[in-house]
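Got some structures for you, see below.
What follows is subunit A paired twice: with subunit B in the first complex and subunit C in the second.
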Partner chain A sequence: MSTDIQIAIVGSAGDGTIAAGDILRRAMAEMGYRVISFDVYPPEIRGFGKCIARLRVTDEQAYSLKPQSDVLVSLDDSHAIPHVNEAREWGAVIYEGGSVGPLAEGAHISAHIDPGQIPYNAPIRELSEKSTGSARSRNVVVLGYIAGLFRLSVDPFLRALNSKFKGKADVAKKNEAALRAGFEEGARWFRLDDIAFGPPPAKNGGATVEMISGNAAVVRGALDAGIDNFFGYPITPATSIMERLASEMPKHGTRLVQTEDEISAIGATIGAGFTGARAATATSGPGLALMAEMLGLGVIAEIPSVVYVSQRGGPSTGMPTKTEQSDLNMAVHGGHGDAPRIVIAPTNVEGCYRCGGKAFEMAEAYQTPVIVLLDLYLSNRYETVPFPAQPPFEADTNRYADTRGGKAAGFKRYALTEGHVSPRSIPGQAGGMHVATGLEHNELGRPNDQSAMHTAMSRKRHEKLKAALKHPDFTAYKRFGDEGPVEVGVIAWGSTFGEALEAMILAREEGIRCAALKVVMISPFPTEAVAAFMADSGATLVPELNYQGQFAGILQAHVARPVTRLARVTGEPMEVGEILAEIRRLAGRTPARQAA
Partner chain B sequence: MSTVRHHVIIGSGVAGNQAAETLREHDPDSRITMITISRLPFFNRYDLPRVFRGERDWRRFIIYPAAYYRDNRITLRRATRVVNVDSASQILKLEHKESIHFDSLLVASGAGAYLPEELSEFRPLLHGFGAFRDAVTVADALPKGGHAILLGGDTIGLDLARTLLDTGHRVTLVAGPYTFWPHEVTPEERPQYIAALQRMGIVVVEAQSRGGIAAIEPGAKGLSARKLTFEDGSELAGDVVMPFFGIAPSLDFMLGSGVDIERGLLVTPNLRTTNENIYAAGDVCQIWTDKARRYCFYHGWKNVRAMGELAARNITGANEPWVPTQDEALHLTADGKIQSPFWEYQ
Partner chain C sequence: MGDIRPVYLEEKLKEVEDSGRLGYRSKALPTWCPGCGYFAIVDAVAAALCEQCVPYEDAVVVSGIGCSSRFPFFMNTYGMHTLHGRALPVATGVKTANPALTVVAVGGDGDGFAIGGGHVPHAARRNLNITYLLFDNGIYGLTKGQTSPTSATGFRTTTSPYDNTDRPINPLMLLLSYGASWVGQSYAGKPEHLRRMVAAALAHRGFSYLHIISPCVTFDKTHRTYVNLGTKIRDLPADHDPTDKLGALREAMNDATPAIGLYYREERPTLDDALDTIVERAGGTAARERVTQKQAGRKTRG
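Right after this comes the complex of A and B.
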């Protein structure tokens, strides 16, 4: 890549750190660069918590953030000092050169900048005050400074700024002044770092490249797939799915209802699905726990529904603003009885779009709840995504039975068929009348607890899902890297796959034969593909963000081979370097760079 | 109470870095903080003419890698300006209002280029040569085969002139009292050295013979970037005009410190100022010399480095006097060119 620059802005809540990151990524995306970004913020709405906006700007889409940033910006030294080592050697550290009040020794970030880092002690506050009359626009001054310092055009920044403050002319005007002041200051500084922006890539023919978050991509997928109803109760980090749908669904003539709790939300979703509507809800781990019983109804009554779950640190209230992949067991197995369901986990923002829409197809095709498993890191991260000109989703996959001329109350809604998927009717359909119940039932839907029937129906509910592994135009799993036998095979799911892929690429550059397997569909489990991959792998590494190694556990229940678990619960995304180190160890390599 | 001493050094040039190295050697457990307004780590200023030979990566000029400072536990604070030193309470204040306590302070802040007052109004049109940035800026402003006008001279300017000639540029020297600074050249010796400069390819114009410099202006469009006019009305056109009038100690921050200052910080032969905890080394200090019965400046890489080492030794308990280590006489080579010992370093 000719351009591969990561910028981290560190500040306190109220400094406009996240807003600065948002404007920066919008401007970069408009210039044509590919962007991946992720913000870290405290659970408090406002106060003194630490906020970090990180974005990586490339000319080819990157899979993860880098362990070190090329540029580190401090909007608050007390928060930025612990992160100063995040800036790489010969990278830039941009900070406030002055101070409002007296400082004890070491309280200024300049005391912590490594001799290998390049200091840029800009008069950020002074420029903000001079240009706007207040210090509130320090974040925007910094953006202008970055544009000026790295000789970027200020225009995309101005457009991103005006877009953000649309309808607030006075605010936009002040911030424009701040941006220009920062730009002029940055442009006059002599560059000592070795950071270079190459030309942005040529426009992607046919597809529209947009910068979008994981949750926004889910929403777009749902809308493009024709969602009819959404029922939800807000919870971090899933709330923005409902917020965005609330503004978008009325434009499409569809309905969203905020329910009183998660139990009501899943109940309404299943109810709407029963009527043939494409319905969904969104929640996080605590909400999914509440939905567990009702999901069982969806399974036994074979009613399509879609549940978007964005995981956060748990258990209980846990760490609402930290990422984790610890709801996997609950998503796959949660609830009572044998309640199989489809669980798919996108690995990047583009995947959020595809899974967000494909989930409706699958729910209808296999008549079951589908859980789309995200996590905070994926929900909140932004990437530039090339959207196809035509949505890749089937508008209507409901396969209603032809019930014309059928007998009232004689419709075999739960017929045991060769493909295990039964004919379906919806309320009001002539000749399609049947009983739908949470009780075990016979083919007509009437309660039946005979052992042979329960066995047959349980088998049906499990077996029908297997076809989902080959659902049309859907990638349930994919192998990357070296073909054939490899020293180390990395199997990853969800947001961690990006870091695993980067680590695999770096390992190959070091001469290690290595491959990575992306697993998107976790239930049903792609046993055959995973077993084949593991057979090729001298050692198998499974990195994931939970304590138990939940995915590794599921994997080993299906494939009886040893794996090395790399399970972390730091609340942060997995570090590429940590996965790489483990690959090296498993490959028996001395880390060349460290040795040097 | 901690017994670990905190040695603070202001300046990160030859003297400061040599002092840091010696302090670490003689006081292994101490804290060492080096403060500099420069954004670059210690680099070889004498090497700057290499910029005109196409070397634009400043990292090739630095003396120590970043790891050196980490390994030796030297806290290097760059882009940091000291604004005040309170010698009584042993606290110095930084421009961003941070206070730092010191047990010993070594002022090795060096000197900046001196510009005579009568030329100060033309400062925006002059190109400096004190920092890496300046060198790059001049190199960018000077076209291939371009014409540089050097005002004054001094050994730094003459060293640059040699490189400019080597790299195919033209050099005109507007000579005056500073032409051979800091060498002391008598009126009788001066003609032979001027002739030597001419033999080297430098066009020499004696400013005094033209009544001095009257004005420096931007050149007209399509012509050279600068126009220099003498009092007698004669003109000189060039691409860059660079002043070289010696150096002036950088010690504004010491004005309220209570230690004695003349042109530089006045120090005893063991490099201590009038405060027992504050020492000075390098171009910033004037050292009492019994032989001359006055305070003297000593310049040159070797002298400055020796001062840094001596100051550090004395801070850590020695009590040794300063002995100049460098030949300060200007020489003529066998082929009739001038050779200054100040051009030799390492």
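Right after this comes the complex of A and C.
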């Protein structure tokens, strides 16, 4: 990669930290770079909590953020000081150096910068006041400073600013002044050889590359797959899925209703699914817990539905603005009875798009609820994604019954067939009348609790899902890294796969034979593929963001081999360095040098 | 339950066959107790659908869980027998996804006002264009007799062996307050009145709520018997104006001698209308046409 630069901006709520990060990533994406970006902010709407905007700018799409940033910007020293060591050796630290008032010893960031880091003492406040008459544009000054320091064109920044604050002429004027003031100041300094932006990668034909968040990608997938109905109840961090659909769906002539709770949301989704519509809901862990009983109805009545779940820290209200992967057990096993369903977990933003749309195909094809499992880190993460010119989704994957001439004995909605999926009829279809029930039933859908019937129907509901592992044009799992036997195999799911892959790549650079297995479909579980991967691996490492190692637990229920669990509940994404250290340990390597 | 067909059910089936409404009734025989008021309701719904010429395949009956919620199995229409208390959310999905369908939600007093009580206000205020038939027998029958939100204070049941100390709610006042656009009451012991009320509820454009008082002949031998109800139930005064909401509330307050008839009726945009307006504002009307055609195309499949 000729360009691989990570920038972190640290500030206090109200400093415009997140806004600055947003403009920066928009400008970078417009220039043609690939971007991956994830912000950290406090749960309160107002206050003085810590905000961090981080983005990594590359030529080819990166899978995760790097353990260390190349550039650290402080908009608030009290918050930024603990993050100084996040800037790498020979990394740049840009901070407010103008007129610092009387401060307690150690309160100014300059006292904390490592001799190996390059300090940029910038008169941020002064430039803001001079150019706009107030200190409120410090965040924009910093953006200009970055553009100047790294010799980037100021125009993409201007366009990004104007599109973010569109329609406000006076604001635009002040922003431009602040941006240019920062630019001129930054451009005065020597260009760093060690942190340089190469020419942006050439555009590849066909696909249009867009910078988009995980939740926005899910929405796009749903729209491209032809979602007909959405029912939801607001909950962090899934709300933005509903918000976007609320503005987009009416343009497509389709309908969204904000329901009174999550039980109603999933109930209505299943009701719509019964009519043949493509329907979905979106929630987080607390909402999924409320939906558990209704998902069981979807399973036994074999009605398609799609549930987007973005996990956050739990249990109970937990940590609504922190990330975690601790709802996996509930997604896979939640609810009463034997209630098998499909659970897919995308590993990056592009995956959010694909899973977001493919979920409808699967729900129809296998007549079941499909849970698309994200987490806050993935929902709120921005990446540049190449979108194909034609949506890669089938418009209708239902298997309809021929009910013409209606059988006198009634329509066998739950016929026991070889492939275990019964042809279905939908309201409006003459001769296909039946009752979808949560009671165990016979082939006609009539209540029946005979032993043989319950056994046959349970088998049907379980066996029919197996075909989903080979669902057309869908990657249920994929191996990366070294072929054949390896010292360490890393198996990861969901948002953590990015960090796992990055760590695997770094381990290979250190000479460790290493591979990574991405598991997207967790239910039904790809037992054969996982077993084969583990047979190749000297040791198997499973990093994930929950205390128990929930994925490792599910894995071991299917493949009876030992795994090393790397389970963390920090509320933050897994650190690449931590996975790498564990790979080294399992490979019997002593680290070349201790991390600073 | 195999082939055991009690004589009274055979008689019932013959009665239905003779009525010429068998088309709307499934061959499944109701699982209710002999003498249950619900037989009258299933007859009334079949008759009302027949009168309105709703094709079998265009009707969807959605229920929750309970004695009354077995209802969809006895109809030859599409049906959904869902979860305890959740008929209205599911019905919301059915109607929103395909507004061309005639959707009837049915359920009992426990289903609608205990576990499912949180859904009723929202279906009503949105003016969801469906009919909600609430079968009120003041008891949990399917679990063999426990108190419900409409059970009388002092009612002794298996879970209230020292008397029910709670007081009953007043469903009609609730529904009037929630903003239901059609509120009526009928009695399972008056089949002809019931049939007319069900037909009127189905004909209403918007959320129509019909409260149907019924005895539980098996588990309530003291409070709601046909004899007791027969003496208490009266007609709404002839001069009651169904557009007068305060008058309707006043009548509804008198639950010692419940009155049957149409309490309240208003015309206002339904949820379907509101959603169409939103589509129009977003400039999606032409797209909506394509969605509707897609919907219509689905039904001709097969």
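We adopt the following convention: the second predicted complex is superposed on the first by the 583 of 596 C-alpha atoms of A that agree within 3 Å, B and C clash if a C-alpha of one lies under 4 Å from a C-alpha of the other, contacts with A are read in each partner's own complex, and residues count from 1 in each chain.
Keep in mind that, in the parts below, a residue touches a chain if its C-beta (ideal position, glycine included) is under 8 Å from a C-beta of that chain, and two chains touch if they have at least 3 such contacts.
Remember, it's a predicted structure, so these values are computed and weren't measured experimentally.
Superimposing the complexes on subunit A yields a three-chain arrangement in which subunit B and subunit C fit side by side. Contacts of A:Pro115 after superposition on the shared chain: subunit B is touched, whereas subunit C is not. Using CA centres, the angle subtended at subunit A by subunit B and subunit C is 150 degrees, rounded to a multiple of 10.
In the superposition on chain A, contact of A:Gly271 is made with subunit C only, not with subunit B.
By the touch criterion defined above, A:Leu192 reaches subunit B but does not reach subunit C.
By the touch criterion stated above, A:Gly97 is placed in contact with subunit B alone, subunit C being left untouched.
Judged by the touch definition given at the top, the superposed model places A:Gly431 against subunit C, while subunit B stays out of reach. After overlaying the two complexes on the shared chain, residue contacts for A:Arg255 are found with subunit C alone; subunit B is out of touch. In the superposition on chain A, A:Asn85 makes contact with neither subunit B nor subunit C.
More subunit A residues lie in contact with C than with the other chain of the pair subunit B and subunit C. Once you line the two complexes up on chain A, you'll see the smallest CA to CA distance from subunit B to subunit C is 53 Å. Of all residues in subunit A, only 89-90, 96-99, 101-105, 107-108, 110-111, 113-116, 118-121, 190, 192 touch subunit B in the complex they form. Touching subunit A in their complex are the following residues of subunit C: 27-28, 55-58, 60, 62, 65, 72-73, 76-83, 86, 88-98, 100-101, 118-119, 121-122, 126, 271, 275, 278-279, 281-291, 295-296, 298-302.
Taken together, the subunit B residues at the contact with subunit A in this complex read 39-41, 58-59, 65-70, 75-80, 94-101, 133, 136.
Listed in rising order, the residues of subunit A touching subunit C in the complex are 228-229, 231, 247, 250-255, 257, 259-261, 263-277, 279, 293-294, 297, 301, 400-404, 410, 425-439, 446-447.
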